[in-house]
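Worksheet: one structure, shown below.
Chain nomenclature is as follows: A, B, C and D, assigned in order of appearance, with residue numbering initiated at 1 for each chain independently.
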Amino acid sequence: MTNHPNGKTEGMPPLARLLSGFDKPRNVTRLFYLLLAVCIALGLADFLYHKHGYFAVEEFPAIYGLFGFVAYAAVIFLAKGLRLIIRRPEDYYEPFAIDTEDERAAGSDPEATGGKPHA
Amino acid sequence: MPEIGTPALVYMVAALIVPFVRPATLRQILLLAVPVLGLLTFWQLPYGTYGTFNLMNMHVGLMRLDALSYVFGLIFSLAAFLALLYAWHVRDTVQQVATLLYAGAGLGAVFAADLVTLFVFWEGTAIASVFLIWARRTEGAYATGMRYLIMQVGSGVILLAGIVLFYRETGSIAFSRMDLESPATWAIFLAFGIKCAFPLLHNWLQDAYPAATITGTVTLSAFTTKLAVYALARGFPGTELLIYIGATMTLFPVFFAAVENNLRRVLAYSLNNQLGFMVVGVGIGTPLALNGTVAHAFCHILYKALLFMSVGAVMYRTGTSKASELGGLYKSMPLTMIFCVVGAMSISAFPLFSGFISKSLILSASADTGHFFVWLALVVASVGVLEHSGIKIPYFTFFAHDAGHRVKEAPFHMLLAMGITAALCIGLGVFPSLLYGILPYAVDYTPYTVTHVVTQLQLLLFAGLAFAVLIRTGLYPAEIRSVNLDFDWTYRRLLPAALSGVAYLVQGTWRFASRIVMGRVDSLIAGVYRAHGPQGPLARTWPTGSMVLWIAVLLGMTLVLAYI
Amino acid sequence: MKHHSILRVVSKLLIPPIILYALYVQWHGDYGPGGGFQAGVVFAVAFILYALVYGVDEMMRILPPRLLHALAGIGVLIYAGTGVVTMLLGENFLGYNVLAHDPKHGQEWGIIVVELGVGITVASVMMSIFIAFACHNPPIKDEEW
Amino acid sequence: MLDIIVTNLPALQVVVPLVAAPVCAMLGRGDRSWAFATLVSFLTFAISVSLFVAAYGGEPISYEMGGWAPPIGIEYRIDVLNAFVLMIVSGIAALVMPYARRSVASEIPAERQAFFYTAFLLCLTGLLGVTITGDAFNVFVFLEISSLSTYALVASGAWRNKRALTAAYNYLIMGTVGATFFVIGIGMLYMITGTLNMADLAVRIAEHGDSRTLRMGFVFIFIGIGLKLAMFPLHLWLPNAYSFAPSAVTSFIAATATKVAVYVLLRFMFTVFGFDYAFQASTLENVLLPVAIVAMFAASLVAIFQDDLKRMLAYSSIAQIGYMLLGLAFLTHTGLVATIVHLFNHAVTKGALFMVAGCFVLSAGTSSISSLRGVGRDMPWTTAAFVAGGLSLIGLPLTVGFISKWYLVQASLELGWWPVALLIMGSSLLAVIYVWRVVEAAYLQPAPEGVIRREAPLSMLVPAWILVGLSIWFGIDASLTTTAASRAADTLIGSSQILWQE
């Protein structure tokens, strides 16, 4: 989670302070390896019990994991391809489109945003 | 509670009273009391049909209470309560009345025992809900609301046409299982389909939900589409066509959601995808599948509301719901973050969360009946759900790059609403029997088997791993402010463009023709005015003589007739 | 009218016979030609004649419009009241048979009472109409038109 | 005592308001006479309800006036049809009376109010008498009682607008022409048959068979009543009378007087002239049908261009009478049901709308549509009542107007006259236009500056809303009205021979 690290924790709610180390690159990397480890463990777990599947293909060890990984990547890449086709500037449907309007009109807290009072 | 026919009545009466209640706090309390009172009207009632009477020789039943409508009535009441609690801060009576009428109409429609009552409430949901969009009070929202209203009322009109045809064919307006074999049932099917956001009929959903007010979207997400699912489950269970429609519905929104920047629109796509699961369940139509549909609708209303609430809370504090503008909010709104993650894990169907116990029913049903490819599509779609709702929403809102928003935690009532909803999501996930006990058919299903838990975790965590890998390698598509084309392009751009092209061609002829026609019309109106206007001969009343003349004429005419 | 002595004397002479004649017509209405309608008109004529000769104000001293209105109402009440009485005695509305021990007498009584009511109403309405026309005191003044 | 009342109910129905009228005149002060008249109207309503209940299930009730047996004496004869009409008339009166207090107080000087209520009660007496009696000449007498008192009531609008006097005078002339035609017709019938009792007339006419005198009689009665019920070209008295009369009077006579005339027409057509199917059918088809259709359109179009709300509603009434006559012209059971149902429905709807117009007159001082701009914000309840009534006028589902149109369309389709069905729908569109004009002015246009309009008092709003509520209630659950109408149609058809030949 690559972004400007923010070490300052004052002014944050106590719960947030608890979580505040989260976006340090070191911790992010640790988290990644933890996830990898859990995944490998889950894959190996398939050898430890008798699987009850509906289809023959389910019998293959760790098939769900592999399928999940591949399907996820496929979704992302297909979506990236799709974006090439369908992406348009935000003012495409102008005038009278909500995409470029001030979103605070939907009823934001006027103090918190420092914005004008809206409906 | 006395029997009053339909709980919708409670909401309608309350909607009449609410605008006049002062002070505001009392009004909020009254609002919260309404769903409770509404629930009490059918809570302990034995199954049966209530509020029956004869409308021009047609049997009308306002409230049919059976296992199916009961579950939907229950969850709708719950959703109305949570939405109203979430909207505690709203002082806009338009929204409050609209929410009451909308929820009331939704309940009324679910309990409708006949098609006419269904139609009335069906249109009621359309008309009441559009005010939740218009309440944003911008021109864009107005235009969006109009498009939404056209689709929704169009659905109602088609439904009415279907009902009329159906009545002429069968002589009955009872709302029960139908077969797709006549224009009548096809029309009814299409009407349900529009409200259920079938592929190519779906755009109103992604168009309208991000346009509503923050609290309005939470309300919107609960009723309309689930009402349609209910109607399909009631009218067309086991219709095979629905399986393929549903499978398509689960798949295509996944890709759109992945590249969408507006998080509330992402959730709208995700809603569409979840509806797909339910539609597949209806299409399979076995008791297990129908149970799955109902259970999924129940859980879905809760976790989708939770997600909309958390994104709404963020929007309430920061003023935006665009992923490109958000990030790092866990530092400011940790509780909201936790609730959002609960919602995300529920919708992604992690074990111990509510999605897990309901979605598995549908997946098992599809596998049971041997629909391999459908089953496969559903599994892919489950990964997709994880992608856009499970990871994208919380990640881009609360983590990712810090967008620098330093805001207060969400207001207490929002936290309370989210907390209750989150607790329900987890509660249902941990104690599935709570939900299974009220499903329409007896449930013989154990969600927590080793196989199921392990495979599900594999699926989800490996997909999560893929996400991590893609992020670390920078392959994950960045969030960019943009508009993405969808089918609505056809009527928002293609149709107007085509029309203007055609208009250009026709213009010459048209001008020529219109000049003549308008001339005629003008002279016709002028003629009508000459005859009927205040000074026209037909509006003259003072001369007694002309009256006597008329008497003579009429008498003469009749006498001539008498003597012929 | 003060100098029209002939008219004044003649009318003074005529009025009593007119009233007497009216009463005759009234009371013989049950079995001869006549009855309340005719008698009422004749009766009113006596007063109208008086008013023509001596002025409406003089007449209104004897019979103020308020009294005439009340009399018109009382006449109707006598008529309808008879009907109600017969009803109370167990007959249909205006079933006179029960008014006396003998149905024939009952009929006679009934008709006489009813005709009396009619006569009072007709006479007082005639006079009211006459006053309404004769008095220059219409509810809407001429200037208001 | 109770026994006496029960056996004499038919007589009491007419006698109570009749006796009350002079008493009312003698009470003097406005408030006292109002309270008394209100009490009487409630009593009358109670009587007609019990009569309706008695007549609903079984045989017609017959009452002999003065104990003289029917063909010679006057008979009151109550079957489902006229019990239904009695209930409409007295019910509307019972609602108009509470409404009248404030409205009349603002339109008529206090010292004249007693006479106003007297005339009102007499009018009520007349209308009830016309409906209840089974004697043809008696119909004429009561018709005159109601007409004469209506002239007076219309004229009493003169304190607000002097033209009421001219309107009343015109109405008097025209109404008298109508009444004369009617009495000429009855004279001819008497000439042939020597009887005036309706049931007896029917029998003797059937024995006598067809003749020119009889046809003349029929035509005269038809035209005479046609004038009373404002059949299209003979409607000229109506717009002025309705728009210049005091508001309470307008809502009462608009809801009842023409309906009673329609009833008389039905009664004479079916019960008395049950003799010659071909002749009557041709009259209905060639005269009544075109006249009704022209009324539906011409009157609606005139209504569209009117600026005065009361006048607009008056023209709309003429169009609505067109619907009733149309149902009659079909000469089928369904057509009759449509007529009778519409009789009720229109009474309720128009009564409510004229009450609303009266509220506007009270608060805004005028009923011109252009001065009602923006009134929706100042008088929300009144305007909402107008909208609800207007929807019923248009014939939207869930209002009574829809029920009427439904039966009319059904009746025309039964005969295969689908162009007529299309015309019915087309004329409803015209109603949309004229109702919309008011709604637009009331809600969408800004209020003129410096104008203060207060919401109408409850005593006026409540009766108006009761009628609006009824128009919605019977639009949703029409079983009572349609069953009653259907039974009334059965009685009518049963009492005549004309439909037997079908």
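Basically, contacts are C-beta pairs under 8 Å (C-beta built on N, C-alpha and C of every residue); 3 or more make two chains touch, one makes a residue touch a chain.
Keep in mind it's a predicted model, so treat the numbers as computed, not measured.
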Practice prompt. Name the chain pair with more contacting C-beta pairs, choosing from B-D and C-D.
Written response: B-D
Worksheet item: Just curious, how far off is chain D from chain B if you go by their C-alpha centres, in Å?
Response: 47
Item to complete: Could you please state the distance in Å, as a whole number, between where the Cα atoms of chain A are centred and where those of chain C are centred?
Response: 103
Discussion item. Taking the mean of the CA coordinates per chain, how far is chain B from chain C in Å?
Written reply: 80
Worksheet entry | chain C-chain D separation of Cα centroids, rounded to whole Å | 35
Worksheet item: Quick one: do these chains touch in a line, a ring, a star, all-to-all (complete), or other?
Response: line
Worksheet entry | chain C to chain D touching residues, read off their complex | 69-70, 72-77, 80-81, 83-84, 86-88, 90-97, 139-140, 144-145
Worksheet item: Which residues, counting only chain B, touch chain D once they are in their complex?
Response: 53-56, 120, 528-529, 531-534, 536, 538-544, 546-548, 550-551, 553-555, 557-559, 561-564
Worksheet entry | Residues of chain A defined as touching chain B within the complex | 1-4, 6, 11-13, 15-16, 18-20, 22-23, 32, 35-36, 38-39, 42-43, 45-46, 49, 51-55, 58, 62, 64-73, 75-76, 78-80, 82-83, 85-93, 95-109, 112-113, 115, 119
Discussion item. Residue numbers of chain D touching chain C in their complex, please.
Written reply: 4, 8, 11, 15, 18-19, 21-23, 25-26, 63-67, 112, 158-159, 162, 165
Worksheet item: Touching chain B in the complex: which residues of chain D?
Response: 166, 170, 173-174, 177, 181, 212, 215-216, 218-220, 222-223, 226-227, 233-234, 236-240, 279, 282-283, 286-287, 291, 298, 301-302, 304-307, 315, 398, 403, 406, 476-479, 482
